[in-house]
Amino acid sequence: MILKNVRAHYSTDDGPVVRAVDGVSFSVADGEVLGVVGESGCGKSTLASVISLTAHPPLHVTSGEMLLDGETITLTNQEHVPPGWQGRKVSLLPQRAMNSLNPTARVHDFVIDVLRAHDSTITQQEAIERAQERLEQLSLPSRVLDSYPHQLSGGMRQRVVAIISTLLNPSTLIADEPTSALDVSSQKELVLLLQLLLDRGFIKRIIYITHDLPMLSNIADRIAVMYAGEIVEIDNTKAMIDTPRHPYTRTLIGSTLDPDPRVRESRIEGIKGAPPDLRNPPSGCRFHPRCSYVMEICPRETPPISGTDTNFYTCWWLQEQTAAANFAKVQK
Amino acid sequence: MPPSAQPPLIETKNLSRTFGHGEQAVRAVHNVSFHVQPGEIVAVVGESGSGKSTLARLILRLLDPTSGQILLDGRDVTTLRSSKELKPYWRKVQGVFQDPFAAVNQFFTNRRVLEKPLQLLDHKPSHAERDQRVETALLEVGLDPSDVLNKGPHQLSGGQLQRVMIARALVAGPELLLADEPTSMLDASLRVTVLNLLLDLRERHNMGILFITHDLGQAYYLSDRVLVMYRGEVVEQGPVQQVLSYPQHAYTQRLLADVPRLHGWGAVLSDGSYNGGTGA
Amino acid sequence: MATAAPASGQISTRPGAFEGLRRSIAVATAHNRRFWFSLSLITILLIFSLLGPFIFNKSNPTKLIGGLYDPPSSEAWLGTDNFGRDVFTQLMYGTRTSLLIGTIAGVVAIIIGVTIGTLAGYHGGRTEEALMAFTNIVITIPSLVILILLSIAISNRSVVTMGLIIGITSWPWTARAVRAQSSSLRTREHVDVARISGAGPVSLILREILPYMLSYIVMAFVLQLSSGVLQEAALAMLGLGPSNVISLGIMLHWALLWESVRTGAWWAFVPPTVLLTMIAFSLLLLQSSADEIFNPRLRRR
């Protein structure tokens, strides 16, 4: 899956334009979990609705295309998505998915609705059998199908919705903050379930969007860090956690508090200031007003992308550091 | 400093609160006893439904206990009922809540929000004293008074408004600050700055802090002692190093095992105990 | 730290209370045709009843201009009533009286209802049970019966007396609705914060609870007003209307008493009925469309 140059903004009749996603490109390999991390208002949820083809006004997609399993779709016209994309190629597991179950209907009614929406020829019996089979493959009790949502715990509801939304074997699952509002034990169960869906080949890849870096580091193979509508760094999870490069990634990782004796040893500093206003983002590098390595060029020019498609950063200071290191090597 | 060297600032004895009657009765808080010394930060850790928020409301005397006592400087305060009787208590014990936007009266300016607690003082403050107290409190939390005072709460960011709410709690000069999940609505980068602010307050004023959280990492970073709550009861309490490094109770152990860690890469997945989940 | 950092994404999701409210009301009203329709209807009714006599130069409703039930003519646009008075002139003054009685009744009902409802919701416990028990007793007694008894007991019924009588029998509905609101507002965090800031009960009710119910109270008032107008009509038709003035109900009373229906003098009973319907309809429409504006969740997509 390759995503190219996605731009999207919110606009209303009288309000200013909020450029929530501004030029995002990345690729996801088969069997991979790509994590997208960022703070509130960085555009990560907007990105989720754009790539799950569920954007609707006031959100407008101005550019971007998605290459998925050999087919290309332009993202700009989301009112008319070709049939078979939504739910089959991409499927969204939203933040409070567990509340999307109708409280007055049993879970199997929801299963029937979802499957019928994509294939009207399927019978009720077939739909239920398919869900039963899937639940058994994932070692969940199939009796949940006969339950009402309120009879299930929040964590179980969230897992059930995750399973139902992948019944059609979508090649890409987009999970937007799926574990927020869950207890840690339920968070863990859900993440394990997603991993199992991937291992069994029911889905090919996951884009996991969250603000929770510790959780993400446990499931993602690669992590993209978003700041003010842009991706500032993408790297393999282990490399990023152990040796973050971009100054924003550094502070983000530096301000994470693990329940570990080491966090008590020294005072941890947060990031000064607040995320920028996307109606009027800072010039040049968008992180420069909060960056402690800011240089003279940063407010003037947008930093270029350095590195490869799967592993890059955008930062003037890093470029200079790398250049200096290379120069030192040559000198030796 | 051994705990017996000083009398506790606040102490609860078998504090309980039950909601409802008969078969439907829910013991939200059951037999909770603990104490906070001046200058001590005590964390109450628990998941949703553990009773930690009910405990917060009990300590702030916003809710009457079903049984048990709360002692401030050795005096039982559970007998105080009316807002008049409780004023001296609230002068010494103040609170900060989870969502600053929900905790603020949206029809007020920030100045008015900050001046409200001045009515807790035992004297009527002069104009000069009012201004001075409000401005000192704002400077204390790292905000510029001229930047904040005449705005409405909704003109500030979440992080700024939470600081205003902390300043509000400081205006009357409390000795104990109860912080109920003060960072849960904030981004990671702002979270640490609020925690550091609490550390500074302890340092500068020898303030006791009761910090209520679901985040073990924050409890570890901030507190001296920790209470672990589960279904309304304190299942474990002690120095934070001891409880979180050598948890005794099964619940604490499970909680610690399930928390995702940044520097324990893949730990949650590799433990591989996926069994489809219990608790349907 | 305290640099005036623009408030990031929060601006878009959490607009400032007033700025945001004003903007969303502006947006909502602009697209809400029902709101503008009901508002213009009410304005027309007000102009008709307050300025009509001057506009049409018909300012003496008791002047006799013809005989019993003269049909509409160029002089008497809607004919004459049983006494030979101009129906059109009567209609303007009658609407004025009906609206005035409705307004007085609405104000009285709101004052009593909001006070009892807020106190019950705020205090909870025994106070709430006692106040609500009282409210329910008032509800179960048919209000028309109380109205009839009160009206008979008071021999000289002025417009103000009528408004008061209707007001003090119709508040329970408002009291129940307001109790539910204030009882949920009581548990909001900002009320807790005000309480630990030392605010007493009076201050909590006036500053922390009432402002949050303001839009709700305005809409309850509109409903009470419209039901007040109808209550007055019902009483007046029974002959228990205000003395010495004309109201829409009194017009109907005379029309029924003097056999206008049987004699085919439609101009004596149709116009007041139409006006009563218009008043009730426009007020109900205003209430429901204003509800959509205040509660964005009800808005149609």
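Just so it is clear, A, B and C label the chains in written order, and each chain counts residues from 1 on its own.
The criterion applied here is as follows: a contact is a pair of C-beta atoms (placed from the backbone, for glycine too) under 8 Å apart; a residue touches a chain by one contact, two chains touch by 3 or more.
The shown structure was predicted, so the numbers you read here are calculated from the model rather than taken from an experiment.
Highest C-beta contact pair count among chain pairs: A-B. Compared with chain A, the chain whose C-alpha mean position is the greatest distance off is C. Taking each chain's centre as the mean of its C-alpha atoms, chain B lies 47 Å from chain C.
In this assembly, the C-alpha centroid of chain A lies 52 Å from the C-alpha centroid of chain C. Between the CA-based centres of chain A and chain B the separation comes to 32 Å, rounded to the whole angstrom. Within chain A, contacts with two or more other chains are made by residues 40, 274-275. Along chain C, residues 1, 5-8, 10 each make contact with two or more other chains.
Multi-chain contact residues of chain B (touching two or more other chains) are listed as 157, 160, 193. Per the touch definition, chain C reaches chain B in the complex via residues 1-2, 4-8, 10, 14-20, 188-190, 192-201, 207-208, 211. Of all residues in chain A, only 39-40, 138-141, 143-144, 147, 151-153, 155-156, 159, 183-189, 191-193, 195-196, 211-215, 217-219, 237-238, 241, 251-253, 255-261, 263-264, 267-271, 274-275 touch chain B in the complex they form. Within the complex formed with chain A, the residues of chain B that make contact are 47-48, 157, 159-160, 187-193, 195-196, 199, 215-221, 240-241, 244-245, 254-256, 258-269, 274-277, 279-280. Listing the residues of chain B that touch chain C in their complex gives 57, 60-62, 83-84, 87, 90, 94-95, 97-99, 101-107, 116-117, 119-120, 142-144, 147-148, 152-158, 160, 165, 168, 193.
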